[in-house]
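Every chain is named by a letter (A, B, C and D) in the order it is written, and numbering of its residues begins at 1.
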Amino acid sequence: MTPRTCALLGAAALLMAACHPEAPRGSLVLTQVPAGVAPPPAATVMDVRYPPGSRVVLLSPPLRTDAAEVLSGGLAAAGDPCVSWDGRWVYFAGKAAESSEWQIYRVRAGGGSPERVTRMPGGAMDPAVAAHGELVFSSPVPKAGRQWTSPEPAALYGQWPGQAPRRLTFAPDGAADATALRDGRILFVSAAAHDGPRGRRHLCLFTINNDGTEIAAYAGQDDGVDAVRRPRELGDGRIAFLAARSDAPEARDWAECVRSAAPFATRANLFAFPSQGCRSVGPTPEGDLLACVDTRGMEGRSMAANAAVYRVAPGAAALGAPVFEDPRWDSIEATCVARRDEPSGHTSIVMPGATHGTILCLNVNDSCDPEQDGGSGRATQLRVTVLAGGAQPRVLGTVPVASDGSMLARLPSGVPLGFDALDAAGRVLRHQPPVVWLQPGEIRACVGCHEPRNHSPRNVRPQAVQAEPQRLDLPPEAATPRTPAP
Amino acid sequence: MTPRRIALRAAQVVIAAAAVALAGGFTARTHQRIMTGRPNLAVTTCTHCHLRSAFKLPWQKPRPHHDSPGGIAVSPDGRTLYIALDDKDEVAEADSATLAVIRMARVPGGPFGLALDAQGKRLFVACPQQDRVAVLDTRDLAEVASIGVGVRPTDVVYCQTRDGERLVVPNSGSDDISILTLSPLAELARVAAGREPYAAAVLDGGRRVAVANRMATHDQMLTAPASEVTVLDPASSRVLDRLALDSAHLAEGIAAVPGKGWVLNSMVRVRNLVPITQVKDGWVMASGLAISRADGQVTQVPLDEANAYFPDPSGIVASPDGRRAFVASGGSDVVTVVDLDRLGSWLAGSSAADRDDAILDMALSCRYVVARIPTGCDPRHLALSPDGRRLYVAERLDDSVLVVDTASLKPLGRIVLGDGGRDDPIRQGERVFTRARYTFQGGFSCRSCHPDGHVDGLSYDFDGSGVGDNLLANRSLCGVAGTEPFKWNGKNPTLQFQDGPRFARVLMRTDPIPDPQLDELATFLVNLPPTRTMPWSQVGKGLTPAQQSGRALFFATKRTDGTPIPRALRCQTCHRPPLYTNRLISSVGTQSPRDPKEGFDTPHLIGVGAVGPYLHDGRAKTLEEIWTVYQHDDLHGVSSYWSKEQLNDLVEFLKTL
Amino acid sequence: MRTLNCLLLAFAAAAPAAPLAAQAPAAGPDSARFIYATPGETYPYYAGLPREFWPFNAVEPYERFFTTRMPFRGPGRDYPNPSDLKSLRIGLLDSPKYDANWERSVRTREGVVLAFEEANRSRRPGQLPFELVEREGIAQWGGAGNLAVDFADQKVLGFLGTIDGADAHVALRVTLKTEVVIINTSDPDPTLTETNIPWLLRVLPDHRIEEARMADTIVRRFGCRRIAILREGDRYGRLGVHNFMNFARRLGCPAAQELLFSPGNPDIPHQIATIKDARPDAIFFIGEPADIGRFARQFRLAGIQARFFGADLLMDDRFLKEAGDAAEGAMFTYYFDPARSDPLWVDFVARFSRRWGHAPDAYAAYAYDGAQVMLHAIDAAGPNRWRIRDQVCNLDYYHGVTGWMQFDGTGSNIAPVRLVRYEHGNRVFEPQAEFTPPAAGGL
Amino acid sequence: MKPHRSPLGLALLGLTAALSLPPGTWAADRADLARPEPAPLPFPLVARFENFGEKDGLPSHKIHCVLKASDGRLWLGTGNGLCVRGADGRFRRYGPEDGLSHPAVLSIAEDPRTGDLWIATMRGLSRLSGGRFTSFTQTDSGLPNNVVYGVAVVDGTVWAATPAGAGAYNIREKSWKIYDHNNAPMEEPWCYAIAPGRDVVYIGVWAGGIVEHDPRLGSFKAYRDPDGDFQFQLTPDSGPIADITSWVAYDDGILWQATYFGLSRYDTQEATWRTWVQDKTPLVSNFINSVFARGHVAWVSTDRGACVTDGTTWATYAVDEQGRGLVRIDRPGGAPETRRMATRLADGFVTAIWADDHEAWFATSNGLSHAVFANQAAVAANP
C-alpha cells in the first residue's frame, strides 16, 4: 500500500466519521418493544420476541427518554443488537415489512440508516461479531414455539463482509444465541444430546472455533436447568446467561453464570437477589453489569412498571433504581457501545471441497457417565451413526477399536455423527446420539466416550494412529447440501 | 561504427556471455555433484557448502546486554536484597525499604543462582558461564573465593548439616550435582542427577536437599518421559531418592513447604505422545504443580484452568507458615497464588485414583488457586522476605523486580534495574519468544518447548496431513543462524516462514504471529549462541587424544584398511564445517513406515552433545545408538569398520562441537 | 574315606541308566556309538602326542593338568524338568555374513539342520520336537558373548558353534555363568578346550593334531631343514602356527622364517623376496585357501622350489583354482578321506546330498556329528542342562559319520588326521587305517 | 571292550565328587565342636552357617556375588535379579522391570564417594542411585561389551571387565576409555575381573594373566604364566599359575589371582609369588570362582567349598558326602585338623564371598550362607 493510497483512505475515513459521528462515551444500544402489541399470525420466534414496532435505539448520556436515537429506522421491527469490537457498528435483526423475513442489518453506532447484510432464505437472527469483524448469525428463523423442534433447525453461519455465508454448525436441534469469546471461539445455545424427536431436550452451552470446528460442550449439559438464553462473557472470567424453565414464559427468565475456570462445576445465580424477569445481561467497560429486567409483580414495584435498564455493581445486594426506563416501551435488551479488545482469530484447518474429516478417540473405554455407560466391558469396535436425510439416525458403519481403546476414522463432514461403543458380542457399552460433526478436512480428537468434562488426555501413544484410518462414506441419498445459497 | 557493426558486436558479446554463463553453470553443477557424491543433485547454491565465515553469524557479533534479574536472595533481617544480573556479570544489592539499588558487584561468569549463609555474611553465586561458584563477602561484596563445579551451575543452596556447612549446586550442563564443603571450600562429591538439574531447595533444616531437573528423560521413543527430583543427603552426599514426575518437563522451580513436609515443583505436563490435533483442554501441555510428600508419594495438580492457561511456570516459593505458595508464570506474566491448606484438604480427602487423575482435571485448580497477580514481562525467580510479608518477583525481560504485599496481594512497587531494552530488537524478540499470547487460550509459548532456546528432549506428533505420521524430535534453536532451511523436511527457507501461518495452523491454533513480532522473534533466534557442551576448564584447550582420534574418523576419507570411503558417505560431506551441515536433504536409511519421505534435513552439529535424543523422530537415545542400533547398510556414514574404541572416540569428538 | 569314595564311584560307574529309563529311548545314533568316561580315568597327556612333542619334555613339571577331566561340581542335576516346554531348544551360533568363515558356517548349518530334521522326523508320540534357535554371530565387540546370553534367555538346553576362535572363547566363558553346554564343531584353536571350563566338547580335531603330524612329516619324513612359514596376520594365523613352530623346534628344526600377510592381499612381493633369499626347502602355509593358492603360484613363478605344506584349508577348491600347477605336490592334513567306505559316512553323504544338492565337507560332517551328540544327550538326559552337560562332557569316544572320535582330558577330539597331497590336480590321501578305540575293538 | 557306562554314573560321579572331600587327611577325627583352639588363627573362624535359599525369598538358587555396602545393607547378585536384604531380614528383588539391564547380576561395586552401586550384568552395566537404575550398554554408551563380569569404582572411574576389553567410565566427564589388545599388553581383549590396587588397577585377563595399569601414568605391566602353557605348571611359586584368570583381588599390598588351575598370590612389596594347586597343597580345588581379599587374608571360593588363608595357615569349609559340614585347618608344619560342624555351607559350589572382622557371607550356586564367627576377639583379621 503506497503512502498516497494510505492518505486517500485516511481522508475518506475522516469524511465518513464526520457524516456518522461515533456514539458518545457511555452510550447504550437498546431494544425497545411496544407494550401490549400482539405478534402477527404465523409468527416466528423473532416475531414473538420483537412484535411489530419493536426498535433498536441509541441512548446517549444522560439517558433521557426523549434522547433515544432510532437506529432501526424504516424497519417494521428490530431487535437483538450487538456492537462491533471497535464500537463503531451496531448489528441487529430486523424485518423491513411485516410480511418480509427477519435478516441481519447493521448501522453505524453514531447513527444513520441501517443496511441489510444477510439474505438468508428463511431469515436470519441472533447476530454476533467474531474475530476480524466476521458476522455470525443463526438461520433460518424457526416458527414460534418450534425453535428447538423445527424440522428445519437453525444453524450458525459465519459471513465475512461481502462474502457468502459459511455454515458453522450441524446440530440436529439447531443453534442460536451466538456470542464470541475472547479466545476466539463462538459460544452458542443448543440442545443437549438426546435420542429422537421424543427424547428429552434441554438447552445448554456449546463452543466451536470460528470455522465451525471442534464442537464441544461448554456448560449446562449436566445441569438441571431446562433452557439457557443470551450467554455473554463478562470481564471477570464469568459467563452470564438467562436461565429458564421450558414451561415458563420468556419474561420470567432469571440470570445465572458459570466461571470459565470450571464451567461445569460453578453454575450459580448471577445476582445476589432474585432476578426473575431478567431479559438481558451484559458487561460494562467499568466492570459493572448492565441488565434489562421486567419488574412487573416484583415486590416494591408497581404493576405498571415495565422492563427497564439497570446498572448493577458486582456483589450488589439489590437491583436498585433503573438507569433508564420508558413507560411506553419495554426495554428488553441493552448493550454498552464501547471499543473492546478484539478476540483472537483461529487459523482454520478446514479444507473447502473435502468431503470427510478425521476423528481420533484416545480411549473409547474412558468413560465416567453412569447413565450412558453400559458397563465395564471393553469396546472392540465403534458403530458410527449419522442423522441425515431423516429424523432417525442411520448406521454409517463400524470402525475397529485398538486394544488400548483408541480409534481413528475418516468420517463424512457436515452431518451430525453419533457413536456406539460395542463389545466383542456386539453389546452397546456406551451410546452417543448424533450431535457431533466434522468440518471438511477437520482433524479432531476426543479423550474418550463420555470422559470427564474439561479433562486432558493421558500422555500415551494411541495404537490406532499406527495404521491408516478407516473411511466411512455417506450413502448418496443421505447427502445434504452443506450451505444453502443465500 | 555503423549500426550494423554495433549490432554485430553486441550479438557477439551476448553470445560470449551466454557461453561463459553456460560453461560456468555446467562447471559449478559438476563440482557440486562431485563434492556431494550425488549425481542427481538438484540445483543448490555455493553457500550450501561454502558458508560465509561462521564469525559473521549474528550470534558471533557483540549484542546489547541487559540488567535481566536472575536469582534473588534476601538477607536474614529482610533489609537487603541481592539480585543476580547474569547478562551483565553483576550482582546488585538493593534496599528493601527504599527499593533502590545500593551497590553493584562485578562477578564474571553470568551470575544466576544466589544463596546466603545463615548469618548473611557470605553470598554464594552460581556462575553458569564459567562453571564456578563464587563466594562474596556481603560487607563489601568482594569476591573472596571461587571453586569450579560441573557444567553450567544454575543454582546454589546453603545448608548446615551434622557434618558441617554444605553448598549444593545443580550443574545443568553436566547433569550432575556438586556437593561442596565450605571449610575448606572443596567439592565433596559430584552425584548424578536427572537431565538438566536446575534448582535446589533445602529440606528438614539441612538434613536433605531436593534438586529439580528441568528436562525430562525417557529411555526410548514413544514412551512417556519423566522429570526427576533428586533428593540427597548433603552431609554424606548420598542420593536418598529419585522421585519421578511423570510426563513432566520444564520442572525448573522447587520449594520446600514448612510444616507440611512437602516439596513443590512447578512443571509442565506434556502430552508429546498424543497427536497434536488440538490445543484445547491441555492437549499439548499444561502447567502444573507436583507435590512430593515425605513418604515419596507424588501428586501432580493443575495450575491452569479449563479455559485459560498460565504457562511456563518457573520460580516457586512457599510462605514460612506453609499456607501459601507463589508460582511465576513466565508465559502469561502472572504469579499464581496457591492456598496450600485448601490443596492439602483436597489431597487428604481424595482417593489414590483421584490423585492420579488430578493433573488431568483442568477445572480442579479453582479449588486451591486463590489469585493471579499480574507482573511485568517473563517473571522467573521469586523470593520471599524472611517474615513472608513481601514477595519479590524477578521480571526478567523488564529489568525489574516487582514487590508484592502477600497479605493484600497488591503490588508495593518495583526495584528498577534497567530500561527493559525496549530499543533492542533482540530483547523484543525474546519477549515474543516467551509470551504465550500467540497460542490458543495462551496455552504455551516458544519457550515451553525450547527452554533458553534449547531443546526439551522430546518428540512430538504434529498432525500435518494425517494423524500419527509426523513424529518429530525437537531441535535446538541455539546456534540456528545460517542453518536454513528449517524443519526436518527442510521446507521452511526462513525462520519467519517456519514460525508463520503454517505454525499457527498446525500448532498454535490461533492467528499467526504478526509480521513485526515475527521479525523480532527471528532476530532473537539468530542471535542465540550455540550451547556450550564442553566444561569451561577445557574451552580453548586442544583436543584430547580420544577427541583427536574421533576427529580423524569424522574427516576420514579411507577405512582403516586403506579402502576409500565414497564421498557421499563421508561424515564431512553432509556435516560440513563450520556448522557441520551442507543444508541439504539427505537420506540415511531412517525412514519409518509412516514417514512420508525418506530424506531429512541435515542437522547442524554445533552443540550436538546436548540435544539428544537423535535422528528426526528421536529414536536414537544417544549418539552411539545412531551407529549401533539405527545404522543400516552403512547409509549414515561408513561405520561397519569401526572398532568400539573408534566409535567412542567419534562420540567424544562430536561432544566438543 | 578313600574306600567310601571308591564304593560310591563303583556304584556310580556300574549304575545303569536308571532314571534314564524313564526318558524316551535316545533318537538318532544307537548307544553303541557312545563310550563314556570311567571313574578315576586318566587321559592321554598333551593330546596323546609322543613325548618329544611335549614342552620341557626332559623334565617332569610340578603339576600336569588335563590328565583328568574337570568335573562340574555344582548343583542342578536334581532340579525338576521345566513343565511348560513346547519344544527342546538348541542354539546354533553362526558366523557373520561378512566374515571369512561365512561359507564354512553355511556348511556347518547344513549339517546341523539335517541332523535336526532327521531327529524330528523320528520323534515318537510324547516326545517334544527339537527346535533350532539360530543367531548370526557378531565378530565385532565381543558379540558372541551377548548371543550366548541370549541363548540362555531363550532357554536353550545347549548350543552349537562357533567357527571363529575368539567367538568360541567368549561364548564359552558365558556358559560358565549360564550353565549351558556347548558343542564346538568347527574351531581348531587348541586353546579353546584348555580353559578347564567343564561345559564344552569339541568334535573337530584341533590344530595341534594337524600341526604335530605336519611337523613330523616335514622334519622327519622329508628331512626338511629350512622351514619358512607364511601365515595370516590375525589370530587364526597366529594360533595356527604356534604349535607347529614349537613342534618343529622340538624335532630339532626350528622354523627359519615366519612371515605374515593380510587376508585378501593380492600380492606379497616383499614376503616372496624375503623367503626366496632364505632358500627354504619347506614352506608352511596358514590362511584362507584362495590367498594361499595365489601366493603358492607366485612363489613358483618367483622360482621358489620348496615343498608346500599346509593345513585342512588346502582341501578347499579355491586353493587349487588359484594355485593351478603350483599346487602339484603340496601336502596338507585333513580330518578324513571323503571317499572312505564307512557305511555311516556313505549313507550320510547320500542323505546330505539329497537334502542340500551337494556333498558335505568336513565342517558339515562334524556339525552333523556334533548335533547328533547334542540331540542324543538331550534325549538321554531329559530337559535338564546339568544332566545334558554330564552326557556331553563325559564322552570318551563317539563313532560319528566322520569316524571314531577320541576326547581327551580337555574335551577335544584327538583322533588322528590324514595326510593328503596334490597329484595332477587330484587330492591323494595317504593310506592310513581308520582309528578305532580299544573299547570298540580297536588297537 | 570297555563296558558302556551310562552318563548317570558320571552324573553321580560329579555329585559324589562335589560332596566328597580331597582324599587323605579328611576323616573327621572327632565330632567335638567345643574343643578350644590351640592357637589363634590369623583370620576369623566360622562357628556356624545360617543358610538362605529360594524358600527364604531369594529369587534364584544361583548367587553370583555378594556385597555389604557402606550403609550396612547386603546386596546379592543372583541369576534372577539384584537382591537386597532389608533390616527385617527379608530379601527384595530388583529386575529388568525396575530398570536393571539384565536379571543375571555378576558383580557389584560401591562408589565410596556417593554410595551409588554399579551392577555388572550379562546385558550391560547398571547404576543404582537413589533407588533408581540407569543402564549403560554397548549400543547406547561406550561400554565395550554387554557381558560385564567384574566392576570396580576407582577414584571416580568405573571399571567394567568385559569380553571386549576393560571399559573405564569417567563419572565426571561421562567419557569412556577402552583398554584391550590394541592399547594394553593383552593377547586377547577378554577381561574378566577388576581389582583396585594402591594407585593402580589390576585387570584379570582371560589368557592374559594380570595387567597392572597406573591411570596417572597411563602405564601397563603384565604378569604372565612363566611357562606359557596351559597343560602344566613347570615350577611352583614362579609367577601366576596360569594365564587364564578367573578373578583378581587386592588388599594391603597383596594381589590374589584365582584361576581354574589353582591360586596365586603376589606380594607387591616383596615382588614374590606363591602358588597353590589341589592335592599338593591345602587348596581344596583348582577350580576357583573368585577370591576376596581383606588385609593379608584371602577368602577363596571354589567348586568344592571355601578356603580362608593368609598364605600359610588355611581353614577350609566343605561338605562331606553325607552332606555334613566340615572344617579343616592346616597350620604351617602341623598336621591338618578336620572337624565336623553342626552347620554347613548352603552348597559346596561357592561363587563369591564377602567378609569383614565380624561376619562373612558366602554366595553359592545353591543359596546364600551367613558365617557367624567364633569368639575370636583376640584375633585381628589384619595381623
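We take it that contacts are C-beta pairs under 8 Å (C-beta built on N, C-alpha and C of every residue); 3 or more make two chains touch, one makes a residue touch a chain.
These numbers come from a predicted model, not from an experiment.
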Comparison of B-D and A-B (more C-beta pairs in contact): A-B
Chain whose averaged C-alpha position falls nearest the assembly-wide average: B
Most remote chain, CA-based centroid, reference being chain C: A
CA centroid of chain A to CA centroid of chain B, Å: 42
Mean-CA-position distance for chain D and chain B (Å): 47
Distance from the mean Cα position of chain D to that of chain A, given in whole angstrom: 79
Between chain C and chain A, distance of the C-alpha-averaged centres to the nearest whole Å: 87
Chain D residues counted as touching two or more neighbouring chains: 138, 144-145, 164
Two or more partner chains touched - positions in chain B: 643-644
Contacting chain pairs - touch in the sense defined above: A-B, B-C, B-D, C-D
Chain D contact footprint on chain B (complex, rising order): 150, 174-176, 188-192, 228, 230-232, 236-242, 244, 535, 546, 621-622, 624-625, 628-629, 643-645, 647-648, 651-652
Chain B partner contacts - residues on chain A that touch it in the complex: 131, 183-184, 209, 214, 216, 237, 259-266, 344-349, 358, 360, 362, 408, 443-445, 447, 452-462, 464-466, 468-469
Residue ranges of chain C in contact with chain D within the complex: 1-2, 4-5, 8-9, 11-20, 31-32, 34-39, 45-46, 55-56, 59, 61-66, 70-77, 79, 141-146, 148-149, 152, 166, 169-170, 173-174, 177-178, 191, 194-197, 235, 377, 380-381, 386-387, 390-391, 394, 438-441
List of chain B residues in touch with chain C within their complex: 561, 640, 643-644
Complex contacts: residues of chain D adjacent to chain B: 71, 113-116, 127, 129-132, 134, 138-142, 144-145, 164-165, 171-178, 180, 182-183
